[in-house]
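Both complexes shown next keep chain A, but they swap its partner, so chain B is in the first and chain C is in the second.
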Partner chain A sequence: MTKQRTFILFSLLPALLLLAVFTFYPFFRGVVMAFQNYVLFDLTNVRFIGFQNFENAFNDPKFLYALRNSAIWVVSSLTLQFLIGLSLALVLRRGFRGRGVYQGFVFYSWALSGFLIGLIWKWMFNSQMGVVNDLLMRAGLIEQRIGFLSDPNWAMVSVIVANVWYGIAFFAIMLLAALQSVPAELYEAAGMDGAGAIRKFFSVTLPYIVPTIIATTLLRAIWIFNDPSLIYGLTNGGPAGSTHILSSLMMEKILSGGDYGSASAIGVIMLAMLMLYTVFYLFVTKSEKVGDF
Partner chain B sequence: MTKTRVLLSLKVLYLSLHLILMVFPLYWIVMTSLKPKKDIFSFPLHYWPQQFTLENYINIFKISKFHVYIGNSLLVSVLSAVIVIAISILSAYVMARFTFRGHKQIMMAFFSTQMLPGFVSLAPLYLLLAELDLINTRFSLLILYTVGLIPFSTIMLRGFFQRIPSSLEEAAMIDGCSRLGSLYRVILPVMLPGIASTFIFAFVQNWNELFAAVMFIDSESMKTLPVAMNSFIMKFDVDWGAMSAGTVLSVIPTVILFAFAQRYIVEGLTQGAEKG
Partner chain C sequence: MKALKIKKSMQVAVSTVAVASLIAACGNGGESTGTGSNGSGSGGGETVTLRMIESLTNPDRTAMLNTMIDKFEEENPNIKVELISPPFEQADTKIRTMLAAKQELDVLESRDLNVAEFVNNGYLEPLDDYAAKWSDFETVTSVARAVGTTQEKLYFISNGMYQRQMFYRADWLKEKGIEVPKTYEELVNAAVALTDPANNRYGFSFRGGPGSNSVPDTMVRDYNADNVDLTDPNFLKSGATIFSTPEAKAAIELYVKLYKEASPPDSVNWGFQEQVQAFTSGVTAFLLQDPDVIASLQNDMEEGTWSSAMMPVGPAGKALISAGGAGWSLASHSKHKEEAWKLIAFLSNPEQNTIFSKGYGTIPIHSTAVEDEFFQSGPYKTLIEMTNLPETYLNFKATVDYPANGQWGTLNMETGQRMLLGQATVEDTLKEWDNFWTKAKEAVK
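What follows is the complex of A and B.
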C-alpha cells in the first residue's frame, strides 16, 4: 500500500510542482495586483488602492463597450461555429472514398494560430486590395468597396466572421469523433422500432453526443472569451476601440500602457464571469463530468 | 431523381462549399506570397498570378533572421511537447487508475487552469522569471509552454487511459513487471494514437504561441516565428508580400503535420470519447 502511495506521489509531483510555481503562484500574485496601483512606468509608486481599479473599469466607456462586445463575440461565434461544425460532422459521418484527404483540407485551420488567421483575414478584408471586396463586387452584391475593418459597424462583423471560420474545424473534429463512437446497434434497434432519419437523430444520436456537446461548447466559450490573438492580428481592437473584447482590452493595458493594476482588475472580472458561467452551465446541463472526453 | 439522389447531391454541394470556404484563405495567402510586389498592389486582382516569383521569400530571409526564428520555434516546440508528454503520462495514468485523498481537488486544479485569463499571470511571471534570471532565454519559453500544456494534456491522456482495461497491466504485473515497467511496455504501445494526438496538439500550441514570447523575448537571436511575424507588422507597416511569405512559412509545418495526423486525431478522440 505504501508503495502505491509513493508511486502516486512521485508521478504527480512534477506536474503539481510546476503548476504551483508557474501557474497558481503568478496568478495569485496577479490577483493581488488588481488591488494595487501597479504601473510599469511608475514602479516607485506601487501601493494598495482597494477597489479603485474595479471602479475605474466600470466607469470607463471603453470597458463597458468591450464587455458588450465580449458577449456578442462569444455568443455569435460559438453558436455559428457549433451549428456549422455539427452539420459538417453529420455529413462526414458516413465515410466516403477520399474523406481523409477532404478532412485534411477542411480541418487545417485548427492548426493555425488566431494571430496568423487574423493577419490572413486582415489582408482579405483590406478595403483597397482585399479579395472579399473584389469577390462581392464581381458577384454584383455590392457596388462600392466596404471598409470592413475601418468602419466600426463592419469591423465587429468581420472579426466574428474570421472567428467562426477559425472555429468550425474544432467543432467538426470533436463532434465527428463523438458521432463515430455511437454504437451501430442503437441505430439498428431504432430502425426496427420504425424510427426515421430525423427521429433517429433526436432520440439516438443527440442524446449520445450530448456530453461531447456540453464539453466542447463549455471549453470553446471559455477559449473564445479569453483569447485576444485573433482580434490582435486582425484589428488590434480598432477602429477606435470598436472591436475590443475584454481580453484584448486587458492585453492593450499591459502591452501599450504597462498598467498591470487595471489589466489585472479586468482579468479578475473576467474570471468571476467565467466561474459564474461555468457553474450555471454545469447546473443547467446537470453535468459535472465535463472534460471526460 | 430519387430522394436519396437528391440528398446525395445536396451533400456533395455542401461539402464542396465547405472545401472552397476553408481552403480559399490559405490559397489566397499563398498566391499573394508568390506575386511580385507590383502585382500585389495593382488592379484588377489576379486570382492566378501572371508572374510567379520567390522574391518575397528571399526578401524575408534578407530583412530578418528568419532561419533563426524557425530554429528557435522548432527547438522550443518539440522539446516542450516531449517533456509535456513525459510528465502528463504519469499524472494522467495516476489520475485514471487510482482514487485517493485529494483526487477530486487535483482534478479541479487541472480544470481550473483552463479558465485563467492568461494576461493576469503574465506580469507576475515576468517578475518571477526575472528573479530566476531567465528573461530573454529560450528556457523561459520552454518552462512556460510546458507548464501551460500539462493540465490539458493530462486531461486528454487520462481519457485515453480510461479506455484501456486495467486488467492489461495487472496481467503484466503478475508476470513480474513493475508498475512503471508495465506502463512502459504494455500500456504505452496501446496508447500510441492518444499520445500522438496529444503530442501534435502540444506542438501546435507551442508553435503558435505569441504573447508570452513577445513579453519575455526581445533579442533577435531568441525570437520565435510568431514574435518575428509580430515585429513585421510593427516595423514595415504591413509589407503584405513579406507578411504572406512569412505566414506561409510559419503555417507549413503545422498544416502538413495536421493533414497527415487528422485521421489519427479523430480516431484518438473517438477512443477517448467512447470510454465506458
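What follows is the complex of A and C.
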C-alpha cells in the first residue's frame, strides 16, 4: 500500500515540477518584483523599496482612471455579450435552413486573436477611411464623420463595441450546448400543465442552464478584466490615456518604460481584486452547482 | 507479482523520460542553436550558427535580408545564420529581453533611439577595432559613422540612413494655385487652405499616436534655430531645454493650429500606417516622412499627383536636420564574435548596402553608392539637395545618449494628445516636456 502511495507521489512529481517551474516561480517572481525598483533601463539599481510601487499607483490619476475604466469595461462588455449571446443561442437552438453555415459565422469571431481584432476594428472605426463612418453617412444617420477612436467620449464606447462583438460567440457556444441538454420531456410536461413559451423559459430553460451561466460569466469576467490585447491593438490606451484599463496600463508600464516594478504592483492589485471577486461571486451564486454541465 | 513490479518500474522510467524530454524541449529556445557542430557541411571545418535579430521588421525587408543572408552563407559555408524577425511593435522589447536574459545572440539591430541604453547596460561590443581592419570602412560616410557612435565608440554599422522630407499633392496645389511651402508658417497656411472636411479632404497627414514627437520636436528645434546645441539637440547652447523658450511656444501654438484647422480630427490617434495611408488614399495633402515611404507612394499613387520638397524651415530661415539610422551591432556576450563581425561586414559592404537601400528606401552608407544614378533622381534628389545646403539645413547629432529616450515617445504622445484635445494648455504641456528633459539630463550626469 505504501509502495503504491510512493509510486503515486513519484508519478505526480513531474507535473508538480512543471507547475513549480512554469507557474509558481514566475508568479512568485512577479510578486517579489512588485516590491522592487526594477526598471529595465536601470538594471544596476535593482533594490527593495517596500510599498512604494503600490503608493505610486494609487497616487497616479492614470491608475485611478484605468480602475474606473476597468469596471465600465467589464460590466458593460459582459452584460451585452451575455444578453446577445443568449438570444443567439435561443435562435440557433431551433433548426432552420442553413443553420450550420450561420452557426459558423457566429462562432467565427472567437477564433481570432484579440490583437488582430483590435487592428481590424481600428481601421473600421477610422473616421476618414473607415467603413463604420461610411455606412452611417450613406444611411443618412450622421452628417459629420465621428472620430470613434479619437474623441475621448466615444473611444471607450468603441472599444466596448468591438469587445462585445468578440465575446458574443463564446456565450453563444456555451449556452447553446447547455440549451441542447435540456430534456424535451420537461417542455412536454410543462406544456401539459399549461405553461406558455415565456413561462417555459423562466421555469424550465433558465433553471436548467443556470450553472452554465454562472460558470461562463465568472470565467468571462476574469478574461475580460485581464486581457489587454484588444485595447492594445485598437487604441493603445489613447487618446490621452482615456481607454486604458488596468491590464493595458500594466503592459504600457513594461513596453514604454521597462518598469517591471510598477507593472508587477498593478498585477498584484489586479490579482487581489479578482480573488475578492471570485469569492464574492461564488458565495452569492451558491457554488455547488457551478461547472455541472 | 514480479511481473507487476517490472511493469511499474517501466512506467516510472517511461514517465521520467517523457518529462525529461518535455523539459528539454521547453528549454530548446535558448540552447540548441548555439554551437551547432556538424562537420558535414562543405569545407569540412566546424559549422557555426549565428543568431541574428532585426528590429525594423516589415515583410519585404525581411525577405531582402534573407536573400542577403543566403548569399553570405553561400560564400561562408561554415557559417549558418538564423534570423529572428519579431513584429516591429514588439521587436525592441524582444531584443532588450534577449539581451537582459543573456540568451544566445550574436548580431542585433540597434537603433539610434536605444543604442545608449544598450551600451549603458554593457550589452554591446565596441566595433572600432573590427572596423579598423575592414577595407570598406573608408567609404562609410561621416553621418553614418556618427549615428552609430555613442560615448565616442562605434557600436553599430548603420544599414541605411533616414532623413525626413516633405511629400505633397502636386495636383491639389496646382489646382488652388498654391506655391510649395518653404516655411512652417506657409505650410500651415497652405494646409488650412486645402482643408475641406465636407469632401473628406485635409491639409496635413498628422500623427498624434505612436511616434507623435517627431513633428513637434523638429518644429521647436527649427524655431530655436541657431541657439540649439547641435551635439545635444534637445538643449540650447545655454544648457536649458529647447522647450523652455518663447520660440518653442510659438512653434507649438502653430503645431496645435496645424492639427485643429488642417488635419483630420481622427489623426490625434494615428500612427505611421494611418498617416501614410491617408496621404496615399487622397485624404491629406502634406506628409513629412522618411524615404522608406517612397516605395509605397510610387506603388499606390498615380504619377504626377505627388512630389517631394525640402523640409520647411523656421522663421529664421533655418532648419535642423539629422540623419537617423539603425544598424548591426555585435552582442557583448556572443561566443562567435569573429564570425558575427564577418556577417556585419558582409551586410554593410557597398554592394549589399546599396541593394538594401534601393529596396527599402534608405540612403546608402557608402559615399561611393550615393553617386549611383538611382539616388540622383526623383524623391531621393531632394534629400541630397538638403545636404548640399549646410547653411540652411544645420546638421545635428540625434540625441542618442539618454536612456530616457525610450520613454519620450509615450510621454510626448499622451501629453500631446491632451493638449490637442484641449484638455491641457500649450504652456503646461511645454512645461512638462521641459521637466522631462531637465530630469533626463540630470540622470546622466
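We take it that the second predicted complex is superposed on the first by the 271 of 293 C-alpha atoms of A that agree within 3 Å, B and C clash if a C-alpha of one lies under 4 Å from a C-alpha of the other, contacts with A are read in each partner's own complex, and residues count from 1 in each chain.
Note that in this section contacts are C-beta pairs under 8 Å (C-beta built on N, C-alpha and C of every residue); 3 or more make two chains touch, one makes a residue touch a chain.
Small disclaimer: the values here were computed from a predicted structure and weren't measured.
Engineer: Once both complexes are superposed via chain A, do chain B and chain C end up clashing or fitting?
Structural biologist: Aligned through their shared chain, the two binders clash on chain A.
Engineer: Just to be sure I read the superposition right, which of the two partners does A:106 touch: chain B = first, chain C = second, or both, or neither?
Structural biologist: Only chain B; A:106 stays clear of chain C.
Engineer: Considering only the touch criterion stated at the top, classify A:8 as touching first (chain B), second (chain C), both, or neither.
Structural biologist: A:8 contacts chain B only, not chain C.
Engineer: Applying the touch criterion given at the start, work out whether A:257 contacts chain B, chain C, both or neither, answering first, second, both or neither.
Structural biologist: Only chain C is touched by A:257; chain B is not.
Engineer: Which chain, chain B or chain C, ends up touching more residues of chain A in the combined arrangement?
Structural biologist: Between chain B and chain C, the winner on chain A residue contacts is B.
Engineer: Report for A:18: first if it touches chain B alone, second if chain C alone, otherwise both or neither.
Structural biologist: A:18 contacts both chain B and chain C.
Engineer: Could you say whether A:127 touches chain B, chain C, both of them, or neither, answering first, second, both or neither?
Structural biologist: In the superposition, A:127 touches chain C alone.
Engineer: Contacts for A:285 in the overlay, against chain B (first) and chain C (second): which applies, first, second, both or neither?
Structural biologist: Touch status of A:285: no partner.
Engineer: Could you tell me if A:203 is touching chain B, chain C, both of them or neither one (first, second, both, neither)?
Structural biologist: neither
Engineer: Report for A:177: first if it touches chain B alone, second if chain C alone, otherwise both or neither.
Structural biologist: first
Engineer: When you line up both complexes on chain A, which piece of chain C, out of 7-15, 43-51 or 79-87, runs into chain B?
Structural biologist: Of the stretches 7-15, 43-51 or 79-87 of chain C, only 79-87 runs into chain B after superposition.
Engineer: Identify the residues of chain A that lie in both the chain B contact region and the chain C contact region.
Structural biologist: 7, 11, 14, 18, 21-22, 129, 254-255
Engineer: Taking the touch rule as given, give the residues of chain A at its contact with chain B in the complex, in rising order.
Structural biologist: Going through chain A, the ones touching chain B are 4-5, 7-8, 11-12, 14-16, 18-19, 21-27, 29-31, 33-34, 38, 87-88, 91-92, 100, 102-117, 119-124, 129, 131, 134, 165, 168-169, 173-174, 176-178, 180-181, 212, 219, 222, 226, 228-229, 232, 247, 250-251, 254-255, 260, 263-264, 267-268, 270-271, 274-275, 278, 291-293.
Engineer: Where on chain C does chain A make contact in their complex?
Structural biologist: 8, 11-12, 15-16, 18-19, 22-23, 26, 93, 96, 100, 117, 120-121, 197, 200, 202, 208-210, 264-269, 274, 277-278, 281, 283, 403-404, 406-407, 409-410, 413-414, 417-418, 421, 423
Engineer: Along chain A, where are the residues that touch chain C in the complex?
Structural biologist: Residues of chain A touching chain C: 7, 10-11, 14, 17-18, 21-22, 40-44, 126-129, 144-145, 147, 149-152, 235-236, 238-241, 252, 254-258.
Engineer: Report the residues of chain B in contact with chain A in the complex, numbered from low to high.
Structural biologist: For chain B paired with chain A, touching residues are 11, 14-15, 18-19, 21-23, 25-26, 28-29, 32, 40-41, 44-45, 87-88, 90-91, 93-95, 98, 100, 106, 109, 111, 113-125, 127-128, 143-144, 146-148, 150-151, 154-155, 159, 162, 179-180, 204, 207-211, 214, 226, 229-230, 233, 238, 240, 243-244, 247, 250-251, 254-255, 257-260, 262-263, 265-267, 269-270, 272-275.
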